[in-house]
């Protein structure tokens, strides 16, 4: 089992969700977050202080999947999350973390069938 | 994809839609009707005052022609226009109530609270127009009575000047309907977070259409309480206590929100989601109250009336300020922290308390009335919590308890009313007594009738939403939308 | 670190800054000028009324001295002061529009919307002062005409009493400029989320300086539509339809926001980020409308005027309430949920619909007009969505469509205007016809001229921001700030 | 669980609670007192104007009886009622200040700011009633003086008509107290985010009770500055500069918020958490200013007064608009982005600048005054930041600097005041000079006295909260609540 | 050491916290999040567009624990987080992730005693 | 590859970011969160109910790094995140999680060069 963490552009959430549905990944958790990356932040101004607002609004997805779903999930995120053909800086990242166990609170089921 | 028929499960809702549509259709119907009749009858009933015609001395000649003396003309102008301005201030209070209720509740119930506040005003206007106004002011034939009806406002020719009162019928209706809407909207806060939207709309129609106007008639319409010498200048009892006790009935029949008391019955606070909205609402209400109390002088022309109108504004201000300070101090001592929500409710408590007597107490009494109201609202809130009645915004302590206090305080501190000869109608004790029992009668009326209304709603399953709907929040379960979609959503993506 | 010169890339911006600076410099210039001339000429043109001098009977003597009769004095006082109060209420509507637009849009465009709303008022005031007012009220020489100019307001000696009208020039300007600002700000909602800030400022200047005053002159300035007998009491057409159609032109030339329609052209809702602000805005607008409609009576002194002023408030209220209820009911039936945003737009729809005829319809007609407006706004919103015109706040359905409805409804339900002899100017059909074509003329005017303005902006690349800027949000890309920095940021840390 | 005694650590707080309780007890005490005395004395002092008695011509007869001429009656009515309406508008500004301050500060200090704003109004009302009003208007005996006291307002019989002034004492108090509260609340923004709540309450009492009324007397109470010919129509100096300089004193003694300047002394912006509230606040202030400036005409009856009142509204509007545009343009050029916070402060700057002279400058001068104010506020903000004075909302640049500018500008652009004979009191240079030194005197007074007050608070450790409390936010550390509990909390769970 | 991530109903936070206190787990981090799961989302409406709002408000807990606390923590979350006896769809999930190290910022302590 | 999760005081974000920049860690994701820790929560009050608001506002950083950056990153967070010399309770924690893979959405690159 893996926990896939993806940081994407807020505007891409819709597309990513559709792509995930294609590969039958229906369950996920979403959070607002802010990111610093290579993407040049716009220049902000406050009371005359220019500062790089390289803190940009992003959305984080957390998806717990079984092994065989890892690759399809990644592909789906890439497909839905990339801006245009070539992609743009700021499109984000996918992190794949090992996961020891998963429990469904409702039933207490454990392991892969609980995902 | 549009669907014209609802699933069976939603029948209560479709009921309501039906009724609403009736209104709509009615509207269209009436339009055709009036088109037909427009040419003739209308032109008769409705005289358009063309601005240009009114310049120069024309106005006065016109007035003279209509048999209105220059003085009457002056007074009629002032009374009508100032009453209109005060009505606007009172209507602005609707925004204040909405903000207070929204701010003191969970974010998941925001859309629902706002919908209730916008709709109870709109529904209230229509029903007070069609029924309520005629019930509340049936005219002199019903003097000293218990119930009367003089026909619907909507059918009246409100165009002619009303020289008996000295102000226009339209201004009068505007001012009165704003009060009715206030009484109705008070309840919204007490039943927040768990009541069905349809049920609320029905309740709100009944209150503005029937319950409020009837007890309002008893005092302001010249009914038996007026005859008894009961004094309630701007409605501590007639408006606020009625709303507060109606809210209590609702809160009791609904029961507390899920999670408000835990397994061991320990009280678990559910803090509001946005204190800024709550505070903004209180500021707006404070400002609106200057329409509510001073406006109730009804005649403003002439130095004596102007004097009285502004003196009322003064006592109102003093009481609100004292209520705020004492409520904060009390909360500070009791809880160890200066609780802003108590200071805010203290302002409202002071304003409610002075509403009945702002015209007949001196400055020191105004301060005292506010101070006691500030004490009452804090203790009342604690009490309510102890007996496990869940009133999310404290509508009962503020409007119910302090409304009653206002009624009593009038007896304690108020100048004793006189007969036309100028002789006191009562001694102090007698005045206190009439205030006490009249207040009691109105509160019992509001509470018992509303128990019935909410009881019926409960019986037919239109009172409370399901536990699952409540936990998800009324916004999403009743209205299908979030008040504050997160960036994740607002970024443009809802599947 | 401060930088005095902009990168070349920003030339359009620096253009604009230049123009703005001109205004600023102008200001400083004028100041010196007026200092120089202050001693003499000013003292002449400007007479300061010292409060103390005005107590007791002095006022009346003074008036008599100035050849003003007691009646004129009374009327002038009432008309001027009430008009001023109504102007304040209408200016308050600016806050309402800002809240509605902010609430119904994504949080990432909040700063931009607020900046637009604050600036279009400020820019509007200056341009209406310098150009617009003179274009809209060129005076009797241009009666029945198409275009006229009587010089800039700013150059006028507005100090002498204006006994022809019966109220002060200052009050008149305050009231008129508030209307101009309303027309301008309506557009802001329709173009939200994608229009360049500089482009918006330019548009707004053109509308308040030229487009609105010219068509306004046709009716209210005594132009050819006034002569034709067209009736638009408070501006369903002259103000709201103009704003609505200007907004339509903008929305069409801009095209929808990114993500508003997905690849398959399916409509993807972009919910607003804060419904509480939206509802607060509607309450504020409702209250402000009592300045907008009753204030348009212009003369309030005398029982007949007071009567009319408050009757207008009554019909206005009824229409707004009916609009709210019917819009909610319609949305409920069509969509299966009581959509608060529709109820809110329904209130505005009803208010817009009655604006042209609040003085000349009876109560039933007022209800009917509001009910139909409520229906129109819902269906209009659906329609607009179907034809893929992205109007984030529904400015066109509310102000454009219901503005037109108001114009027509005046013909359908309104008392037929009479000539000085009191004879009807038209039969019903004739009245409907004049209302219809006059409404059409004004809408076409606003739409076509604005198509040109927005077209030019598009041509010179000052209309729409880049896709990247739009996705990041106009707040950060146009203004360099977030409306609601998260705790992470607000904690004190921006690198 | 309720606790009646505080831990020793909290002694300052309990001090304060004590004082507050005194007020409360006082209230109760007075109530009993007045109950006792109610029957007799009260009925005498307080005459209730029964609305019904006032219809028809009764009013005029009554007036005649009271020896009031019809003209006086007319003027008294208009002056009193319009002053009351203006007072309501000025009180509404309290909501505006609260929203601006909340919006421009971190979310963790929201409850504290709101509590400060609600309480300084309430405390201000009581103290101005008991002390301030009598200090500010001690009457003619003290003409040209430096200090006087005519006894407390609360003890006065405010019921009789005040035919000397021509308006009611109650209206006068309402209008004056609203101004006092404005001066007090300005400071709140400058000391936000780090000042102890108790300390603020004490400061606020001192300002509204002593400092403001004393300098207010010098000008408006007929003190030595009035005699010197100093002109400050609505209080650019008397109200705004006093508040602004008091705020400066506070900000200086408090020192900057933690993190406002980093280790290397580099300025680190701490953006406000909700720009929508800030903008809403500015709109509300703009609207409220129409009570502030036009209301200061004090007499509105008669064409000349009505003329003046509305002309003042015009100049006020022009200056605010010019301030907004120039401030935005300046920020745009300097910073490269159209900074909304600067546009908002520019509006306020323009309004503050015109406040002293709105009655005596022509339209061009009004534009110039606003434009310069817009420039001042931006440069002032940068300057303050450079010298490391942390004024979170820019209260000093807006109210302090532009207040001074308003005082000077009156000398530069204003019509020169005349004596009763109509002869100019000064030549231009002399007028500028008197404006300059009078402004200086008042600013020095406010700044130095407030340095002492804040200094004492600092000495007794009641000025600034601990670093840990500041970082956690004043909401949680001073008031024990969050302004916006997250869903996690608001979901119903606080352990 | 494990990092336990639990997604629960907002209304259950109180109960879960109490349950965790029972098993002497005092430290945790809480975040708002939104989830898609099998739970049927309510139908939303916007300008006449029905759409499944299957994005539901949830709360995420992150709890770093040593081995011996893993099971008790899971049990506590199950106890506190389940709706009624049988549980309801939407009650959420628990993910158990391996954790290499933990550092207490205040002291710089590492490893299990830092948890 | 590791995913470093740090929970810090909101007011420390600035300092931590600067410290990270020193060690050339430019990319990170930030979230608001609330924490319960040993830190004594202030006492809150609501309608007269005292309750421990031990839920305190914190900021969470998520930083994906390659092995050689782990220690520098931790040191940077410690340097920037500690209050004063000795540190204060409430300064927070750093969790180090193993990470199997990292994908850059824009390019689809995988592994260490994608971080």
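Each chain gets a letter, A, B, C, D, E and F, in the order it is written, and its residues are counted from 1.
In this text, a contact is a pair of C-beta atoms (placed from the backbone, for glycine too) under 8 Å apart; a residue touches a chain by one contact, two chains touch by 3 or more.
Predicted model only: the values in this text are computed from it and were never measured.
Steps from chain B to chain E, minimised over paths through touching chains, total 1. For the self-contact between chain C and chain D, the two sides draw on mostly distinct residue numbers; the shared fraction is below half. Between the Cα centres of chain A and chain E there is a gap of 19 Å. With centres set at the average Cα position, the gap from chain A to chain B is 49 Å. With centres set at the average Cα position, the gap from chain B to chain D is 31 Å.
Each of the following residues of chain A touches two or more other chains: 9, 11, 14, 17, 30-32, 34, 43-46, 48-51, 55, 57, 88, 97-98.
Each of the following residues of chain C touches two or more other chains: 2-3, 72, 74, 85, 108, 258-259, 268-269, 271, 274, 334-337, 339, 341, 382, 479-482, 486-495.
Every residue of chain A that touches chain C in the complex is listed here, in rising order: 9, 11, 14, 32, 34, 42-46, 48-57, 88.
Of all residues in chain E, only 2, 5-8, 31-38, 55, 58, 60, 74, 77-78, 81-83, 86-98 touch chain A in the complex they form. Residues 1-3, 108, 258-259, 262, 268, 468, 471-473, 476-477, 479-482, 486, 488-489, 494-495 of chain D are the ones that touch chain F when the two sit in their complex. Residues 3, 17, 26-31, 62, 64, 97-108, 114 of chain A are the ones that touch chain E when the two sit in their complex. Against chain B, in their complex, chain D makes its touches with residues 2-4, 6, 10, 13, 17, 20-21, 23-24, 26-28, 30-31, 33-35, 38-39, 42-43, 45-46, 48-49, 51, 54-57, 59-60, 62-63, 66, 68, 70, 72-74, 76-77, 80-81, 83-85, 87-88, 91-92, 94-95, 98-99, 102, 110-111, 114-115, 117-119, 121-123, 125-126, 129, 153-154, 158-161, 167-168, 170-171, 173-174, 177, 197, 274, 277, 478-485, 487, 489-494.
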